[in-house]
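Read through the structure below, which is laid out as structure tokens, and then see the notes.
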Amino acid sequence: MDTYSHNSKPRLLEVKELSISFLKQANAIDRVSFKLEAGKTLGLVGASGAGKSSIARAILGLLEPQAGEILFDGNSISKMGKHQLKAARRRMQIVFQEPAASLSPRRTVEQTLLEPLRHFDIGDSNSRKDKISQTLRTVGLNQEVLPRYPHQFSSGQQQRIAIARALITDPDLLIADEAVSALDVSVQAQILQLMQSLQQEHGIAFLFISHDLAVIRQIADDVAVMYAGQLLEYSPANTFFNRPAHPYSKALLSFARFDTAPELPIRPQPVQHGTACIYAGQCADKMIVCGRFEPEFHKIQHKKESHCVKCHLYDEKNTNDM
Amino acid sequence: MTDTALTTALNVQGLSVWIKTASGKQQIVDNISFSIKAGEATGLVGESGCGKTMTAFAILGMLPAAGATLESVAIEVNGRDISSLSSAQRRSVLGRDIAMIFQQPGTALDPVFTIGQQITAVHRRHNRSKKNKHRQAMLNSLAQVGFDQPDKIAAAYPHELSGGMRQLAMIAMATVCKPAVLIADEPSTALDSGTRALVLKQIKRLQTDHGTAILMVSHDLSVIRQSCENVMVMYCGRVLEKTDCQSLFTHARHPYSAGLIACIPQLNARSASGAKAIPGQVPAPSAFPPGCHFAPRCEHAASQCDLSVPGFLAENEQGNERGNERGVACFRPL
Amino acid sequence: MTNTHIAATGLPFIVRRFLHGVSLMLGVTFVSFLLMVYFGPDKTYELLGKNPTSTQISEVRHTLGYDQPFLLRYGNYLKELLTLDLGLSDSTGEEVKSILTRTLPISIALVLPGFVLGNIIGLLLGMLAAWYRGRWLDKLLMSASVVGMSVSFLIIIIGLQILLCTPYGLNLFPVRGWQVHDLPSYLYYVTVPTLALLLVTLGYNTRFYRAVMVEEIDREHILTLKAYGTSPVELLFKHVLKNSLIPVITRIMFSVPFVLVSGSLLLESYFGIPGIGLVTFNAITSGDQPILKAVVGLTGLLFVLALMLTDILYSAVDPRVTRQ
Amino acid sequence: MTHTTWQRLKDDRYGIGGLFIVAFFAVIALSVWAGLLGQGWSEVSGNRWESLSAAHWFGTNLLGQDIFQRTLFGAATAFEIGLIVTVFSIVLGTVLGALAGWYSYSWLDEVILWIKGVLDSIPFYLFAAAIAFALQGNRWAMHLAMIITFWTTTARIVRGEVMRIKQREFIEAARAIGLPDIIVVFRHVLPNTAHILLVQSTIVFVAAIKTEVILSFLGLGIQDGVSWGLMLAESSQEVLAGHFGNFVAASVALFIMLMGFNLLADALQDALDTQRVNS
């Protein structure tokens, strides 16, 4: 599946036909592919349990995929040697959903920030001190947080510390796994503002995972929609929010706008590989073919942006029995 | 009883709550008063830690934190004051006249009893009829929240259902005795957008079809705007503004309300500068500032705001035709 | 402790629990063989007189099988256990099997009332303390149980004996012996040992059950039940109790083997009651190997049975414990 | 022990009481080991069953030995047993528990749980007897028997806690930058179990002392020197003859020390509870 026009420089991150399964369940992630350019933000959207976090862990090398490949700057993570992987890991960091749970409770903020610097042996003891104070400033905190423990901060401050830890190695890719979902609206706004300025000033690429479409709207350049482990739609943000192609995307947007509500039962039925569209059970525009064949990805061309959707509606062959 | 008392499903007057903390007794709910008519929905909005959940529990006379104390002038459900009842009398009211649903559907139901057993128990407790009407009432209640095979759901254990389904089962339990008042504490926060819409739709149906008065507690203003007519904005234990949702979103009178609204990420517009955030953060109960609690974070604050506590200026009679309460607690409203 | 990890071997749950039990039994018998036979006392010199010749020594060693390879000796040791051919007691020469069958019922009769009462009263007090957490009743029960935990079993036994069985005290009960033929005589002999067992376990039980109950009472679904007018009695005895059955079952099932052997050991040796405890006591002090081996085998078996029974009870009590 | 836990411990009266008792007995134990106290425990310095007097504060026992000296020496013995058993069993339990928890549901976890199951199913007093035989009355047989069996409870608790902590995001963050497992376990996992180990140590200390009493009664306890267990075993005959000196001295001393440790354990539990990793 090729979702992009080609250019020479290898992309920062490329996920190709990624499949992950846990114990004996069906594939939690089923042949997912997407790309992320340097300095851009990809919003990974979908209901909880659609497998978004597993992709993040696979990219970080914490999960071994069953099939497919993850290319960072053109080379595959699972094939990387120890040093190459360490160098790659320096350039990609993650921020989690629960701020309190993402900081080691028995270690001070200073120790938490020093750890990545020592691990990747960045700079020496005094240059590290400057690096720490400079990073703290970028996330809107100051020196006196250093000797204190995580439980002495509000969740908003804890998330800023977690972001500082992720920034301190000057990463090119920052994965935000529901990074603002656990925060109050006003704190959420502060963190989103911080992430936007980080992107503009430092050119960091964001893989922003969230179930909240309004949050994605504020930060994403492109949007990828996941449902029960499969990628259903991939499109630039403006196109997605104004002219969603896939029925599931349309449903998600109308739920978010409180226009409609889904019918019961709402759990996705497990679908055998390749025998049907995974969203068929819930789909408002279901056709006969949707129940029998798995749709391919189809490209909808607007001007130069690429917009692909995995749905029989956009397959010319089926237009006759629409 | 005045006629408004007849149609008022829930009337809360002068409700305050104190909790015991390391640094002594702290007040976390400060003299809250409001009333909700049958078939009306009122939102109680505020950030985490503002005391909104504690208010909900205090209305039922339940204080989860050990060493917490509660005071109220009156808490009337259908005109009957439940705050002065003995615990046995209050138990006969809870679940029959006033019911509550919770934020975490995953942990709000007893894992070792089936959904059917738990709902039937509530009905049996409040209806002493001999025939097995209880099971039938449970099945009807499940059907009404949208389950097409209620008996399958009744036989299931909570861990066998998804989050959304558990919340719907919770609503079925809350409404099996057709209560006059339903308190919903963050009913959709733990759900994703699909199930959220479904749950809010069912709550709306209770309000319109059964005339249940709804008090919805949430930190999410867009959920409140969608499901409630009136809204109360709460901060550090005090209600800062009371109005209808329409007016709040068109012209919020209190700076904090305006700030909250500005923070909401808009679905259809990517604001260039990003959502405008409120500077600073919510203080802990032991560190509530004197005077108006929001003063330190408020751009419109004057010296007066730091010194004295703004009284709640209820607006004069020209409130909209349904005459519900409106007002703002601010020396310099917008 | 139970191995709640459900191996993804697809074997039915019961078979896997049985295999786990068998593996434990093998471990127990191996350790007991190692300690009591391999490193156990060498009986050759007992059978030989003074300064025996080397041939006599090797002859006796051969008859006793000491010269056989380690695994072979472990093999026949297992065979003996499996065929219940437990040999003869060194000290009395009586068949070990008959000793066990005679003394086990006495020990059970001795230990059961104290064990059952200790857990039931402990559970009730634990519930009370948990329900009134932080208030004076909770503090009273907790300090009482701290006292209970700080007193050694031996002190309780001697203290009760002075108090109840000697002229220095009330002198109502026998200081030794077990002439039991009907209920009154049973009560006459069992009261003081039961009281001792009760006093020593009540402290630990109350604290344990209180901790379990406190954890259950803090769960969110209890708040829901309160919000729907559930009475405290129904809340405690229906919901809280059923939710805490797993830790309760675990504690009861796994203390059975110990109370039956270790508990009875002290009580019987002190009160002169001819149960398995007294037999084990004498076996320890006189180094009677066959008895020790048999008792270890018996406890191992009891432990494994307790293990398997617990798993079955778990799934009966808690629907979340599914048996993939 | 962060600053706030110390404050919380300080205003817990019982906790401070417990700490004082433990310190008091620690001082006695140290002075006995240093040879300042309780050296005359074995001398026959009086005749049989002398009652309390200036020369013999607690009177004398069957052989005419001074009970007060023996009680002091008993305190040192109790402390020695408690310390040795606690240190070794906690360390062993933590290491094996952490391994089983970190590699949970692996073959290593299975093996450790199997060993634990085997040891848990052997009646302790028989096990101690068997070890005593195997080591032919070696002075450390009792300690070894206790260490080999006491580590299992600590291992079970540490395993559960490590499995819980292992899923927390701050562990994933550490592994995401490629920190080796050993560093993650020792820098991020184990410090968060410290509070449990502290409480568990006091509990094991109490268990060790109480077990020694029973082992001495069975003749498997202390081989050289005297312990409260031995004194209680001696007293079991004397009591019937009406001589309570030995019994009262040993049981009261034992009771006070155990109360001290139990109160301390409770206070530590409460003080450290709020510090725990908030689940």
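We just call them A, B, C and D in the order they show up, numbering each chain from 1.
In the analysis below, a contact is a pair of C-beta atoms (placed from the backbone, for glycine too) under 8 Å apart; a residue touches a chain by one contact, two chains touch by 3 or more.
Keep in mind that this is a model prediction, so the values were computed, not measured.
Under the contact definition stated at the top, no chain borders both subunit A and subunit B.
Fewest steps needed to get from subunit B to subunit D, stepping only to touching chains, is 2. Looking at which of A-D and C-D shares more C-beta pairs in contact, the answer is the pair C-D. Between subunit B and subunit C the centroid-to-centroid distance comes to 53 Å (mean Cα coordinates, whole Å). With each centre defined as the average position of its C-alpha atoms, the distance from subunit C to subunit D rounds to 21 Å.
If you average the Cα atoms of subunit A and of subunit C, the two centres end up 55 Å apart. Taken as a graph of touching chains, this assembly is arranged as a ring, one closed cycle with exactly two partners per chain. Contact between chains, per the stated criterion, is found for A-B, A-D, B-C, C-D.
Residues of subunit C that touch subunit D in their complex: 1, 3, 5, 20, 23-24, 27-28, 30-32, 35-36, 39-41, 142-143, 146-147, 149-155, 158-159, 161-162, 166, 168, 175, 254, 257-258, 261-262, 265-266, 270, 280-281, 284-285, 287, 292, 295-296, 299-300, 303-304, 307.
Remark: subunit B residues 57, 60, 62, 64, 66-67, 88, 90-96, 99-100, 102, 104, 107-113, 121-122, 125-126, 157, 159, 170, 173 touch subunit C in the complex. Residues of subunit D touching subunit C in their complex: 14, 104-105, 109-110, 113-127, 129-131, 133-134, 152, 156, 206, 210, 213-214, 217-220, 229, 232-233, 235-236, 239-240, 242, 244, 247, 251, 254-255, 258-259, 261-263, 266.
Of all the residues in subunit A, the ones that touch subunit B in their complex are 47-48, 154, 156-157, 184-190, 192-193, 196, 211-215, 217-218, 237, 241, 251-253, 255-258, 260-262, 264-267.
Partner subunit D is touched in their complex by these residues of subunit A: 57, 60-62, 85-86, 89-90, 93-94, 96-98, 100-107, 115-116, 119-120, 149, 151, 162, 165, 169.
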